[in-house]
């Protein structure tokens, strides 16, 4: 009997990895040194953003008009913006939206894209053709254009942009996951499970999904970097998050006006933080992608 | 005795690894005279291919090569880059195992054949193509003019290997290094390609180092044989096939399936690394 | 398969995608909350003449599918509708701005190709610190949004050093090119970084191939081997990525044009969205999507010319 053993091997392949080493250890192995540094930085930023009310030295919206556009000082470590608001506090609060918005985009896109891809891979035939066709059409529209379309219809707001970008990212997730699932589907352990009477849905979720999971995660993280950039860009254009809410894209925009008057502090601070966040996310995404590839 | 065309003297190639060193060529010595053919036989991993690479100085920089490799009296290991290029371009020609991988897929066959002549010898393109057509015809490629315009993927493996042979002959080298030139081909193409290589070589009086794991094939077309095991030449000479003296060669010859008698089981080689080390220790 | 039928088939596929996307762009109007008429006229409301004009322009009296066919017919005749805000034909608005966007995208594409390929090749061939440095710069470049680069360029080269103008697209000719330098750089940074990465990987991979060994064994000059064997073969992935990149630049231009206040399609689009000028939004989005799809299709066809193994659509 070769089939059950092949299957148990495949299942064991997934489970063994889980059992042998702890979660932290396993993640560290996958990330490498640079990836761990990036993850740490990102974690610090995320924690600061999450506990913004406790961490931020000032109310991000409190305007101290007498201190407007003051440079870095002990009172305001990064200085103040044109309205005299504390830049550091606004960065901390702004990171909330800059992280949570794209995070939501990617969660939606990943769930929808993965389900679509698994459905296409398992059903094959016409379903697969139809899904592939829909993905092709979605690919025909550049990501940011989806956000702009959504804004044109429903008006500028964070929710609209998140919705538009979520649709834009579905094909990126779905294409990669579909490819990987089709490969897994042809593996002997899948036919073995099939022969043992597992249902299609059962196999998809208990066999295929765990095996493509590293690829799903890697693709999601890699896409997150692009989503951060695009969401910030839409806010910069004035079509996403609306003032006075603190957002990094918006801060670059308002800082841009100060730049022209010779006060670059706000733009530099917000721009650097965006680059840092995207760099961390991209590095982690790259590491996860190469480790997901090497697992095959 | 006059200097042979190619002389390898105690050539060692050591791979430096993180965990230490590994010697993959362990004191290889051999000679090939002008117009002579030497068959280098051994199992995979025995160092046959590494030997050809050492001769053209194409081993990875991670290898440390010591000993002496002399071509026509000139030391290959101490050549400067210009001399090395000249040596590779005019003196030795290399035929590789897998023509599919070893011919650039995006250039036309004609460009592949004439590249070296046009680039390095200053031969006019048209003249180079004329010579290529003549040579393709000689190695048995039909419609040579048309082949020049085709891409490698449009040719069969056997045909492509003939193109490779023609490309080597075009450079008019004095020594051909053929690294399992027929292994990647199917059986019928194998004998054709081998026959053509042998015929052309004899007609031009070229020397040949023929690498193969096929002892009989080597014996059939080479003047002398050398048998390699674990980075060493265990036995060489004209007698090797008829009267082997080293235990490994004897076993290797004994392992050939015969067409005269039917056997239930093919013999398994019992000669292994341990035996090899033991024999070495005894000999010294 | 010969060239003509292949190109025809590609063209057919392209038209199908264009048809579907045009239908989606057309359908946008009906996704909007409220009636199409109210949506187009917006909070301004409208005079009876305007209502009549919009009804006629969008064929609102016809059944849904017929409206699409009529709209498509108008489109093919070059009639993109009428802008309520500008009180001008949309086609005129677009044609007066398309040049700026085209120049910006072309300039950025040239910068991306030159810098990306050069940096990637340098990194792969040089190795060591050169590789480290290039890869690090590429990682940072890839993480930097175009608007951040734009703001940084303006603050350093326009406000600080005064070498370049801050805003606008100049008075035409050389002056326009001069005005477009900073925007083109801002637009190209991330893509150039990406192309450098792809080039580096491709050159490293091709450099290790067996046919490069053959070339070395034949004593060919190292420079010749790099150009004719390594780089030539690496072109296959490089051109693919470059083409896809140029397609995305069309969308990226929207952001950069707004940073530098260039009068291109992108700034027109953003202003139209803010002013709820739906005819303009619809038309510009259509133009962007068509350009994106067409460039992608051209890249696909070009691909078959670079890689002889792909004989016109039949991948081996």
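Order of writing sets the chain letters: A, B and C. Residues in each chain are counted from 1.
Here is the rule we go by: a residue touches a chain if its C-beta (ideal position, glycine included) is under 8 Å from a C-beta of that chain, and two chains touch if they have at least 3 such contacts.
Per UniProt, the chains are A, C = ABC transporter permease; B = ABC transporter ATP-binding protein.
A quick note: this is a predicted structure, and the numbers were derived from the prediction, not measured.
S.K.: Which chains lie in contact with each of chain A and chain B?
M.R.: Output, common partners of chain A and chain B: C.
S.K.: Have a look at A-C versus B-C and report the one with more C-beta pairs in contact.
M.R.: A-C
S.K.: Comparing centres built from CA atoms, which chain ends up most distant from chain C?
M.R.: So the chain farthest away from chain C turns out to be B.
S.K.: CA centre of chain A versus CA centre of chain B: separation in Å?
M.R.: Computed from C-alpha means, the inter-chain centre distance equals 54 Å.
S.K.: Could you tell me the distance, in whole angstrom, between the mean C-alpha positions of chain B and chain C?
M.R.: The answer is 52 Å.
S.K.: Averaged over CA atoms, how far is the centre of chain A from the centre of chain C? Could you give it in whole Å?
M.R.: 23
S.K.: State the interface residues of chain A toward chain C in the complex, per the touch definition above.
M.R.: Checking each residue of chain A against chain C gives 136-137, 140-145, 148-149, 151-154, 156, 225, 229, 232-233, 236-239, 249, 252, 255-256, 259-260, 262, 264, 267-268, 271, 274-276, 278-279, 282-283.
S.K.: Under the stated contact criterion, what part of chain B meets chain C in this complex?
M.R.: Within the complex, chain B contacts chain C at residues 56, 58, 84-90, 92, 94, 96, 98, 101-107, 115-116, 119-120, 151, 153, 167, 171.
S.K.: Under the touch definition given earlier, write down the residues of chain C that touch chain B in their complex.
M.R.: Checking each residue of chain C against chain B gives 209-211, 213-221, 224, 228-229, 232-233, 236, 306-309, 316.
S.K.: Quick one: which bits of chain C touch chain A in the complex? Just the residue numbers, please.
M.R.: Contacts found on chain C: 17, 20-21, 24, 28, 31-33, 139-140, 142-148, 151-152, 154-155, 159, 166, 190, 247-248, 250-252, 254-255, 258-259, 269-270, 272-274, 278, 281, 285, 288-289, 292-293, 296.
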